[in-house]
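Have a look at this one before I ask anything.
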């Protein structure tokens, strides 16, 4: 049990995908303008990430390995992710049309969110089992969501701040992400890799 | 009487400066040459003038009637001639004018026909309500809500408590204080009438609480003695509350005295409470027991730009200039002229602005006592404002949202629950005019709401019109088809030479009419252009376009 | 051999996923796009046509189909802001081609000059003009949206747009910083303005 | 007649933001005195040097942005940042270390966001975290303190200290005896038990421990004074200290040999400095009462976590920055109940 907890702490804090491993920066910068949007994106990403990391594991273990097709892993993972995203998009569109509008291009972009593919590949590299993959994907998603939501709230404040003109908008956003990354370095060593 | 008092969140203790104006007894102000009576002295619809220029009116005569339920009547405060009905300065922060009846007094101060005094215990409550409405009473505390409306709560709410607001928590103001000291009997009798009116038939009498800040011990004692003399100890209790601004806010006073909170968006009657100002009680007494309409009130004239600050009994409509002169205004020292107290009052620029029914104080201040605002520094979210806010809001957050016009967030942080008491601005170390930000945001929100309802309305009208046009077109089409069918039939029957269709001749007629009219206007314009060149210039410019 | 199994495996995957998506497409079908109504609610409903569409609803439909959100001068900045919020788009300044945001106006007919031609009545999209043929017309101020569609058709140019009057009832305090810029520099200074004033002094 | 027309209220309390900042600076004096007494002139020199850089950087930016120098410098916020960094950096921190930390703090962490009131992160902590990550060796070498009773000879003379910090003119290398802070010592105890750690370096550790306790006490006194002057409310500091004390006590009672005692947590590092001077910075902390309690509590928790399991011996800077980042989010969800509203709306 404690092993799963460690995986969670590791992926959420210590090896946070966004601020420590610098994966998934595109949606991180793109969808953090408003808190509501960020929350919607977080939910969608969490869903996709968790599911796709599990599915990738299943596909890899029970389909690719038996047929000795490990070299197909990247293309199949992309396929899995694309389907997951498409599925999520349909669900979101039905459940919350406004969120669908608001997420706009970013929803399909989860497909190209490198964190998603990254999680699937890292699972293989780390030889994670089924449950471990599940926790790893979920933890990565929660870490992504946590940072995204906090960042969105912070950006709402920065947007109303008296930022010098050259730094307005994405520039100060990047600076903030950098400083945040600095703060996350404090977690180094919390969990041995 | 010892009651379990509650406290409200926040609050401040600004310097009181009340003893400036309590040194001398209430005086009667001299009758001015000219009285200015705004038609809008209350919350609700503007009153409707009943007199016209040149009419002679007697003191107490009705000169403007209530228009609608939430409105009040207006009476001539003295005898004289109606000089005009025109736009004049009103006590409003914008400095905009409003329509006013102007009376030139004849200095005779001659009473007209008075209303019949009523014995409140013998007549029906509806009779009393009618009398209060006829007497033109609107809250004398500051907001000016028509009293007859407030004393007629809906049947769903059983009133159990009557609160008389005598807290007078604003610095400088002492009008209620002096009223209690000098006319306590009128006060108590007025309260009796109001309590009687609120008591539903067959129910227990309402509990009656007079809330007084403990910085007015004399007034409280006088009231207590009067209560004793009239043997009303069981019905009316005088409650001393700790001095803290804004304990006189209606919601705050209710919280202190009863521990209840007026629900968001509701009124005190929702929790079984009616709250009345002390001055209003006196006005009710005068209207019912003496038959006098509301034509005068006690107003504090104070501030260090006056040599003799004091309380005056003034006629409604008296221009402030004459009162200031009466109290020895030192023109050079005067820096700010405030109607109301230093925390919530409005500044005015025109000394001819009149006293209205809700004017409890005129504060003529020097630049030393109320210094000019200093430059605003950055908000550091220190939270002192949140500690001072009596409504438990987060003024620092509201400031950011108002400043950046993020009205959704401001509403989400309950901007509309702000009572604009000014406690946050008072404590702000960065000297940010917080309340002005909130007033701006509230104004914008209200304007947007107004725009929105208007656009909804416009949409409906547009759609109705589209619908009508479509129907008309359909009808025309149907008629045309019928006609063509008929024509075909006729053609089949006999070959008649075709002639101009009706519509064509019609349009030709129309064009001719327009042409004729155009010429007529042109000739007219040529005439007028000599008189008013700018009008013709305007249209000429348009023609060139 | 391995190439065959690879193709088979990918084929299998594609079929399974295709089935999943097909199921989702039926299960989560979205019938109509309710976004148009929401957009229409934000638009000011002046029906002025300054956006180039024959009314507010058509423009709302155009926006939903991807048209720019900055073509509505009567709505101005606040409408653009709201639209941007709703649609998750960038806030862009008003398109000057469509006109500039002005204060609210209402039409006013100089009644002495009116010839009673009813042309303005026909032009008014919200039936805010009262009158009959050969009789003087007048505007119902409360209904007028200030679209100025009645100005052009008038053959005698007797209609003008006048700004809506500020009264004590609709007046409210201005943004403190705007006020500073306008007239009272010495009273309240915000960050920016303090600096600018300083620079002015230095210059 | 030209009378003033402004929005009410017309009465305001005197005193401004600058006065608040001056009080904060004043309240650092007990802590600074203790530091100087036990660790020599280093921190005093640091404070002066850091303040100079802070004010200069602030002035530079204000000039670049065309803002009024006099008006903004008089809020003394730059001085506060300088003083706090001067206190937090090791006494023998070389001049360039302070320069990097302070100028980064003022220019990047504060003025890129628009200056006082707009910054998201506590500038002093950003500066501190930056140099801590970039120059770990310089940052972890504190000198050995002198003991309470002994003679003055044990601490470095003023001129020598100056030469260590600004090694320009002097070629003499001053050999200061460096040693770890108590927290540092505990961090690198390896497999030793707590008692063994203290026994191994008995003399130094006892002295060091004593010195740090006095420094913490100094900050505590300053904090109490600020609390008394109502510069901030008790919520955030008490919440942080209480959380840290309770959690560390629980772990310490469970395994006294492998976990640091609550005493060490509270008095052994920058805990007191953080509780009363860092997390009470209103700009970067949560703003409502509820928010401050959450904010302080989570900082306490993070400090414990990072100190106990992380790589860095002291965790104040990181914990504060992490919670700075979370503060806007906390603010959104910690509104107090407004008058007349139900508890849950």
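Going in written order, the chains are labelled A, B, C and D, and every chain counts its residues from 1.
By definition in this document, a residue touches a chain if its C-beta (ideal position, glycine included) is under 8 Å from a C-beta of that chain, and two chains touch if they have at least 3 such contacts.
Note that the structure is predicted; figures quoted are calculated from it, not measured.
**Q** Per the definition at the top, count C-beta pairs in contact and tell me whether A-D or A-B has more.
**A** Between the chain pairs A-D and A-B, A-D carries more contacts.
**Q** On a CA-centroid basis, which chain has its centre farthest from chain B's?
**A** For chain B, the chain whose C-alpha mean is farthest off is A.
**Q** Just give me the whole-number Å value for how far the CA centre of chain B lies from that of chain D.
**A** Chain centroid spacing, chain B to chain D, equals 53 Å.
**Q** Calculate how many whole Å lie between the centre of chain A and the centre of chain D, each centre taken as the average of the chain's C-alpha atoms.
**A** 34
**Q** Round to the nearest whole Å and give the separation of the Cα centres of chain A and chain B.
**A** From the centre of chain A to the centre of chain B is 56 Å.
**Q** Give me the residues of chain D that touch two or more other chains.
**A** Those would be 6-7, 65, 71, 114-115, 118, 331.
**Q** By residue number and range, which residues of chain A touch two or more other chains?
**A** Counting only residues that touch two or more other chains, chain A contributes 157, 162.
**Q** Among the residues of chain B, which ones contact at least 2 other chains?
**A** 93, 372-373, 375, 378, 403, 433, 436, 439
**Q** In the complex of these two chains, what residues of chain D are touching chain A?
**A** The touching residues are 65, 108-109, 111-115, 118-121, 126, 129-130, 133, 302, 305-306, 309-312, 315, 317-319, 321-322, 324-326, 328-329, 331-332.
**Q** Please give the residue numbers of chain A that touch chain B in the complex, ascending.
**A** Within the complex, chain A contacts chain B at residues 157, 159-160, 162.
**Q** For the complex, which residues does chain B have touching chain A?
**A** Its residues touching chain A are 378, 400, 403-404, 406.
**Q** Which of the residues in chain A end up touching chain C in this complex?
**A** 34, 37, 59, 63-64, 67-69, 72, 75-76, 79-80, 83, 86-87, 90-91, 93-95, 97-98, 101-104, 162
**Q** Flag every residue of chain C that touches chain B in the complex, lowest number first.
**A** 40, 43-47, 55-56, 78, 110, 112-113, 115-117, 125-128, 134, 143, 145, 155-158, 160, 166-168, 170-177, 186-191, 194
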